[in-house]
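Okay, got some structures for you below.
Below, chain A partners chain B and then partners chain C, in two separate complexes.
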Partner chain A sequence: MTPMTKPFSQTKDDSAHTTNGGLSPLEQQATRWRQPFGWLLVVITLVYAWAVFQAPLDHTQGVIQKILYVHPPLAYGAYLGFVITAIGGLLYLWRGREDCDRLAISGAEVGVLFCTLMLVTGPIWARGTWGRWWSWDPRLTVTLLLWFVYLAYLLLRSFSGPGPRTARFAAIYGVIGLVLIPLNYYVIEIFDNRSMHPDNLERGSLGDGMGWPFLLGNLCLGFAFIYLVLLRWEVEARRVFQQRQEALEEPDT
Partner chain B sequence: MNIALAILWKDLVTEWRARERVIAMLLFSILTAVIFYFALPDQRPETLRTLTPGLLWTAYLFAAILGLNRSFALELENEALSGLALAPGGRGWIFLGKAAANFILLSLVQALTALAFALFYGVDFSSSALNLAAVIMLATLGICSVGTLLAAMAVRTRLREVLLPILLLPALVPVLSGAVHGTLSVMAGEGIPFSSVQLLIVIDGIYLVISFLGFEYILDE
Partner chain C sequence: MGYAIAAYFVTAAALVAYGAALARENARHRSTVVQKAHRSSNTG
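Let's turn to the complex of A and B:
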């Protein structure tokens, strides 16, 4: 059995896209979608800000409850980012497509950003409502561990230098990271199930006037997530292209 | 399969001749036991016994990282790693040989470290030795499978030894959790808990499959 990935010089999207700034057909498609997403994001952000501002104050928690409109949507983005990383990595290993590897990088970076923001907003909210900054709540613990996994993923990438080897290493580590999500939940369920987070939000579990801002928050941060992933994807493609162009232009020594 | 056995044999013979890795791991884990003694809030026998499973597994993990880091360091000399990559047959077998060697060496270190803990902390493992050995073997299988894969990656990065614990420790949290809970129950004379065995077998299976398949992509330039 031989590895399915090929060296950079032989990969499918190499050299064919010199006229498109190094973008593969999939990346060109993504770039076209990014613009409308950006405008939609601007509009929704304005509506979202207004909706959060006018949303009623919670009787018991006060203004700190408004973190609700940011915190869960950040969590969805974080997990989605890590799923994208694993899928991109697997596609790279399977088909040898560099653009999928670049998508994996985007998923990891934007996922880490969302995860970090979630880990910042969570303790602030927890301090206001549960009375302490940190608790070893199952979801919190799993998210923290996941955050470490993906920081390690980014470190692995940065310390291996550019090239197909790094892409392969990262793809495999991304898969391990994804497998760890259910495994960690499983561990906590067996040994340490003291959840402080509410179960999944059901219809009507939010107070009057809080549903719309929450929905808008999900939409807005969802769009922001997509926009950032698409942007990072394009930047990575152009960066790699630029690097190769410079390498080609350098006189042989 | 022959490749796996050949690599296992090569690693064991190399270690037998040099006796570097096992001695370093063993000294390190016994030193950890001594350091823990001074780090504890009090040295009452009951405190020591309660904390022993957690401390034992922390020592095991650190020793494993030390040993795993060295497991591929030798292969870097004279481009031996490229030679391994050229071996006929699937590279998964190379992984199995390497992981089996790591497993045997680490098991040896673990057994001797357990003796050191028994001696220093006044814990009696003799009544539960078989159960304890079963828990340790199951957890060590998980550590060595994903550890060997990640060590092969880390050794070819710029940071090498520094990167391995950063990559490995988050992946070992479920193993550690299952191992510590299993060890606690075994030491309390309650036998091996089903939940720990189940968890460790699931993790071992997943990590072995990922590592066996993933190793195919690790050795290429």
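Let's turn to the complex of A and C:
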């Protein structure tokens, strides 16, 4: 019986990556880039830890204000992950390349991890300064919504199985979900600063001696983000390849 | 002080645990491919 849709294993770029463990040329290049990133990450992490330790104490909040050097960088990582999901999805829709679809999955997974950590570190900071873990403030609510949207993306990918229809639907879903990022960023201004959450950081808004630790925090978590996305991308390619190999080896029923 | 340490500890632990899990899975897939290639070269 002829299948109604073309199996995912017979789409455009599935042809001849069998000698490379299923990695496309782009994925092979990403794997090569991952190693130096790992070493750079180790060095930057050490410098970052030292910078946070040395950073001056805030007069109002005290030590807890040092969460500033980890919480916003996690938010930027989450945004970047979801942007990668949208770009990967668009490239998949445009060019039909499976490696772009796999990149979209990787961006979503690492983005959700960063978003989860943002949603954990934020309430820890809130408990110490506001006296409560959570508030249904516009920024916090939209962030939670963003987290649910991309968590649903991951659930969709894991429960619906492989196939071009799933990949196409997920690509469109990933692009539409992106609307929440500018909304999340500007929601404080939209609500005319009635939010409990502090305003977005601007140039010069940090105190003396706080700029460098903040920059290093962004660099460190940015490198961690890139490293994890590249590793997740490679794992996804190898996992799909292995699944297909096993399917080929199974006797016909 | 405790809140700040908790925030950094949770972040570091989660990122390292996730990275380690990915590295393990990657190594498992790589070794499976190598074993299969070895097996097919022996039988082929």
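We adopt the following convention: the second predicted complex is superposed on the first by the 225 of 253 C-alpha atoms of A that agree within 3 Å, B and C clash if a C-alpha of one lies under 4 Å from a C-alpha of the other, contacts with A are read in each partner's own complex, and residues count from 1 in each chain.
FYI, a contact is a pair of C-beta atoms (placed from the backbone, for glycine too) under 8 Å apart; a residue touches a chain by one contact, two chains touch by 3 or more.
Quick caveat, the model's predicted, so the values are computed rather than measured.
Asks: Which of the two partners, first being chain B and second being chain C, lies in contact with A:L180: first, second, both, or neither?
Replies: first
Asks: Touch test for A:L155: chain B only (first), chain C only (second), both, or neither?
Replies: In the superposition, A:L155 contacts chain B only.
Asks: Pick one for A:W233: touches chain B only (first), chain C only (second), both, or neither.
Replies: In the superposed model, A:W233 contacts neither chain B nor chain C.
Asks: For A:F82, is the partner it touches chain B (first), chain C (second), both, or none of the two (neither)?
Replies: Neither partner.
Asks: Applying the touch criterion given at the start, work out whether A:F214 contacts chain B, chain C, both or neither, answering first, second, both or neither.
Replies: Neither partner.
Asks: Go through the superposed model and pick first if A:I67 touches only chain B, second if only chain C, both, or neither.
Replies: second
Asks: Looking at A:F191, would you say it contacts chain B, chain C, both, or neither? Reply first, second, both or neither.
Replies: In the superposition, A:F191 touches chain B alone.
Asks: Just checking: does A:V120 make contact with chain B only, chain C only, both, or neither of them? Give me first, second, both or neither.
Replies: second
Asks: Thinking of the overlay built on chain A, is A:Y48 touched by chain B (first), by chain C (second), by both, or by neither?
Replies: Once the two structures are laid over each other on A, A:Y48 reaches no partner at all.
Asks: Provide the residue numbers of chain C that touch chain A in the complex, in ascending order.
Replies: Residue positions touching the partner: 1, 3-4, 6-8, 10-11, 14-15, 18-19, 22-23, 25-26, 29-30, 32-33, 36.
Asks: Spell out the part of chain A that touches chain B in their complex, as residue ranges.
Replies: 1, 3, 5, 93, 145, 148-149, 152, 155-156, 159-161, 164-165, 168-169, 171-173, 175-176, 179-180, 183-184, 186-187, 190-191
Asks: So in the complex, the part of chain A that touches chain C is made up of which residues?
Replies: 21-22, 52, 63-64, 66-67, 70-71, 74, 113, 116-117, 120-121, 124-125, 127-128, 224, 227-228, 231-232, 234-235, 238-239, 241-242, 245
Asks: Inside the complex, what are the residues of chain B that reach chain A?
Replies: So the residues of chain B in touch with chain A come to 90-92, 146, 149-150, 153, 156-159, 163, 166-167, 169-171, 173-174, 177-178, 181, 195, 199, 202-203, 206, 210, 214, 216-218, 220-221.
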